[in-house]
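The same subunit A turns up in both complexes below, where it pairs with subunit B and then with subunit C.
On to the complex of A and B.
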């Protein structure tokens, strides 16, 4: 063991660091696929150990994700949300800011959208034009609310030196608890038996073209692609994006080149929160139609961290990673109905994916040992 | 040295501010709302606060040892979930829905053993394979959030367990685990500041090259502290369960952010086990205020009062974020040959 170690570590430390930073795109894709495959494999072994038929489970995962037109629509619906929240995470992580609070920003954005549309709905005539006005207004409110909720931990970090990992996690708990209280109390629908807000007006809804699924619209998919493109352009083609990514890699270099570190942290968090808020708005307009207790809304903002990491925080890479998670989520709802395997197994598998993505050296070692890596030194 | 003196002054000032705010709050409640303060702060409140504080304090001590040695273990929350679940599962396996006190103690030991084993894997990923400490720590949380409710569903057919049993009180109405925690806090302090091994831990986080030169294997020290941190978080989860008496696996599980609060507790306590325990007690008391409010008749939604610890964490971190973080936290150590 020590023999091979001295062999591969013979080079200078700097070379290793450089290799970590400049890991080629191909290698990243390889690590992503390997992490996912290993996590799924462990999931299947656990399913078998728990007394289930793992081949059947694997088959159900596939059928549940892509097996029918309905399954595909369900997969795409979740994919739009995972990709957009994933982009929100990627923006921040690339800038070296660990925004774990996308879930909270997503909840605050979505809830604000519902409340603002319901409020304005009383003054706007029903009809297609009224609906569009309401949607644009509600989305704008959602984006601003998400952005502000994201900027808050940015301000705390910039001026109070508060670690953003912990503040954003706390803000997630606060968003869930506070919005949950608002939905149950002040903003609860009086006529509803379940805990939820009033429904959005009939005129609010996205057109159903191409897909038959009532909760999936081509507009949502286009919005997702637009956000990916916009963020990718901002990050690679603008001064702001350049400064942001430089701050992520080497903050002292960024400071020397005249970047205001405090402002950079705040604007990064605000941008990340705005994307999360936009996702929240799309979620309520396209899928839910009202707001419920956020503790039962799904962990999109948390899984988004896994999506972004799997994509090496690259906004374009988030597309396939988001599709994987959309597929897993869709498969989860299939498994829940058609199998007695507890669906939480899939959440555990997601956790394993993240764990393996965090340790690329593990796969480099495996690749080197098995000779699959080829030229890995 | 002047830096740490400055920080001590800041800490005292913050402590003073906290006391003033609490006194003002008490005055407002007593005068404005006509609340009888003696009914608000009762022996039961002290007991509940201590019970709530112990899991946080235990995880915080583990976390501060790891971070002192240069490894940021943000997986505490995940290890607490695994510890709580393992305790419930073992109790159920040994004694069904009516386990004895012996079963409770056995379950706590099993939970510590299981989390210790899992942390060994985690430590290997972090130290041997230089995994990103932040991402891997988050992954532990996700793994706990997924597999604990999964296993619960396998055993009980639901993400939560049926009622099992609580640990009996030992003296003064307190559980033996509270006393155990107090002892552990003291031992952790002595070990860290008064023994050679404690100095090794501090050196591993401040100046690993010097420690290496002195002939101590830096990574072995770090393995020890990371495994210890996982074991302590597992114990924290076990204690949480032994006090609660049943496992809850819905939402963010019964641990519900306490592992994260533990991290803040040791930051607030400036990596000092006694300070971390004091901070844990503050958060534990805030967590239990809603029960007090109800008994006194203050009409506030429990859900809102439950947010108080999280808000307190935000205020504490922002007012007082500049902790003296060990010099090389997060950096893998490479021996130079």
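On to the complex of A and C.
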């Protein structure tokens, strides 16, 4: 006659699991902070056990993420990309479509932006106006390219019943390999020693306004906030968003209400890919300035899955989740440069955070999708 | 174990969920070797009480005695060990696994570390033989390939295999056809004759009267009373359940004389496995008319309905709404055209379980003004709509921010009915509009359907309840193996004749020999 039990399995463990899965927004933030702290603590213990000075390590992590204007700028720069790719993932996951291909869409979008700007640059006069024209054009091309690259597995799922998890993963490899070949060969810059495309024209670039970091622009931060707001509004205030989210919750009810399931999968994937493509465009214009072998640009599209899961696939929740990842990455690169602690250990700690924070949501989604778990009835 | 002690005695059981009292000092006694019906509307606390008995919930107070001994059950396994088996409303079977595997799941006989299938098979066959179950012929069939009646028998065999002396059946007839209900009643009789004790949860009065020795009525979590089945009537039980008089008489019928609104010609619709389930149906629904479709489940009714509402693409034929062919139009187009639809399955189709009632009020209305204009949602209008439906249809609890999943079946259904007929449909398609719904709500929904008809709306209704078909329909079409076998006047046909038609025989050929198939669904007295 003790407290209430949650399901047929009962027991404290079941109750705890249910608690984690049903957590409210505030609880989620609490869980996020506690999990991060716990993961860091374990990381520090491991660092101490491996013979490193863990107090110094902790200090460096903090300094690396938020300790200076440069650190904050670096954190925000990564955050921008994490948040936007995270939103791209969240769009698809909320609709019940498992787009694991954000990385590929991000690469295709960014590469298309560079190529189109370099091409059009020959016809547009240099100067501020020309730069804006080039950036708008290149961004539009990046968005369209990312959207098409996302819609492709959507079409395959809708009309070929191809599992989108597998097709998007494969399309990631194809994007990385194919763009890598293009960068090395047909689109390679003849004068460069490294494998990369030609640089974007001088006129292309975003104003810094805040912080003295050449690779962080207020425009990028505003764009990130704009994308978050736009997607949040689409999800909560538009018919399309309602159709999409309803499909994610209960596809049979969505079909009943008049949603065309095939078209919905395709438009969801296209929208997700467009956000990823936009992120790719911002990445090349604000940070990179050219395109390089995509196997070396970082796994933003993969980490975005964890960012989205951490945020329970809520576009607004992606902001703090992206900040956490941005901070960890920034801290990691600082520690890597300024201490002898191996980068693998830092990656491992990031992995622990993901495991602690995002795993319950992942299990919930898998359970919902396979019809296992959930209620006792 | 004293033979004379009651099989189960519950004393003063109270179970609260937060502020909600689901069971309030409930006393309940199941005599040995008897069937005790637990009657009550949806949400009256029947399932909660049985979940307490079965170890799924801890009661806040009260005691459980089994065979005269006080027991506490920490989990269903404890209850099973005490000889209690529960057949849940939603079967607890692993669909891709075989019947045999499901029956022995968790109680596998082992020999040298491996499952001893041979002895399990022999035991199950013995149980089947004893009670005349047919599932021993399907032991190696996957559950998903069996119909619901057979799945239920698997559940019963599973409990018996585990040695259950006391069986709790939670609304076992809700998913069955009239014929399958008869079969279940026989099984229950046999089990009783064999000395086992059964608790039969239901909200169907006629079934309780037919099978039970004693009947206990729950209302709002309290036990209103226990009566011997032989000494009570449907009217008395209904009054106990609802707390007021319930009218069973046929509602006054004023057949409309309007023109045709929905005309279907030569309609062919494929089923899930590609085979045609509707093989050339013609039908016409006039303004101000209810056309009822009777038939044993699985004879193409669902596919016909989905062909009309746009959820399934017909392979041939026309569907005309007010003269325009809409056979090629999408589901959403047809919603906009004015086809309202009360779906067969309210839990998977009619409502998004995790949405609030407000968000559910928009379901199906995403393109209808004023709820949406140019793709932008107007939540104020949607919320007003939700509040209206809740008020007008007496949805409990009357809180638009409640999640749909926390409502009882009857209230979910009332909400769907209200939402669907809320804005002047041209045609209403209703699939099993009162399945699994309590008496009060049935009465209410029936009244609404009649009112709608009187307002001149054409209604196409499928139901497996004959009394519902007879009570509401202006004409009855009987569907058998994908075709209409006959269209009859409800005044001029008896239940036994309908039963014959449902079995695929025409009235001319069958009137002599088929009376045993009649009275399948009992029917509420008129």
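One rule holds in what follows: the second predicted complex is superposed on the first by the 334 of 377 C-alpha atoms of A that agree within 3 Å, B and C clash if a C-alpha of one lies under 4 Å from a C-alpha of the other, contacts with A are read in each partner's own complex, and residues count from 1 in each chain.
As a convention for this text, a residue touches a chain if its C-beta (ideal position, glycine included) is under 8 Å from a C-beta of that chain, and two chains touch if they have at least 3 such contacts.
Owing to the predicted nature of the structure, the values given are computational and were not obtained by experimental measurement.
By the touch criterion defined above, A:53 lies against neither subunit B nor subunit C after alignment on the C-alpha atoms of chain A. Of the two partner chains placed around the shared chain by superposition, subunit C is the only one that A:239 touches, whereas subunit B remains out of contact. Once chain A of one complex is fitted onto chain A of the other, the partner contacts of A:258 are limited to subunit C, with no touch recorded for subunit B.
Shared-chain residue A:69: touches no atom of subunit B or subunit C.
Taking subunit A as the reference chain, the count of touched residues is higher for B when subunit B and subunit C are set side by side.
Across the two superposed structures, the residue set of subunit A contacted by subunit B and also by subunit C is empty. Within the complex, the subunit B residues that touch subunit A are 74, 125, 129-132, 134-136, 138-147, 149-150, 153-154, 159, 249, 251-252, 256-257, 260, 263-264, 267, 301, 303-304, 306-307, 310-311, 313-314, 317-319, 321-322, 334, 337. Interface of subunit C with subunit A (complex): residues 17, 56-61, 72, 74-76, 88-90, 310-311, 330-332, 335, 341, 343, 345, 348-355, 359, 362-367, 372, 375-377, 379. Residues of subunit A that touch subunit C in their complex: 1-2, 4-5, 8, 10, 237-240, 242-243, 246, 249-250, 252-253, 255-260, 376-377.
By the touch criterion given at the top, residues 6, 9, 13, 46, 50, 98, 100, 156-157, 159-163, 165-167, 169-171, 173-174, 177-178, 180-181, 184-185, 295-296, 302, 305-306, 309, 342, 344-352, 354-355, 357-359, 361-362, 365 of subunit A touch subunit B in their complex.
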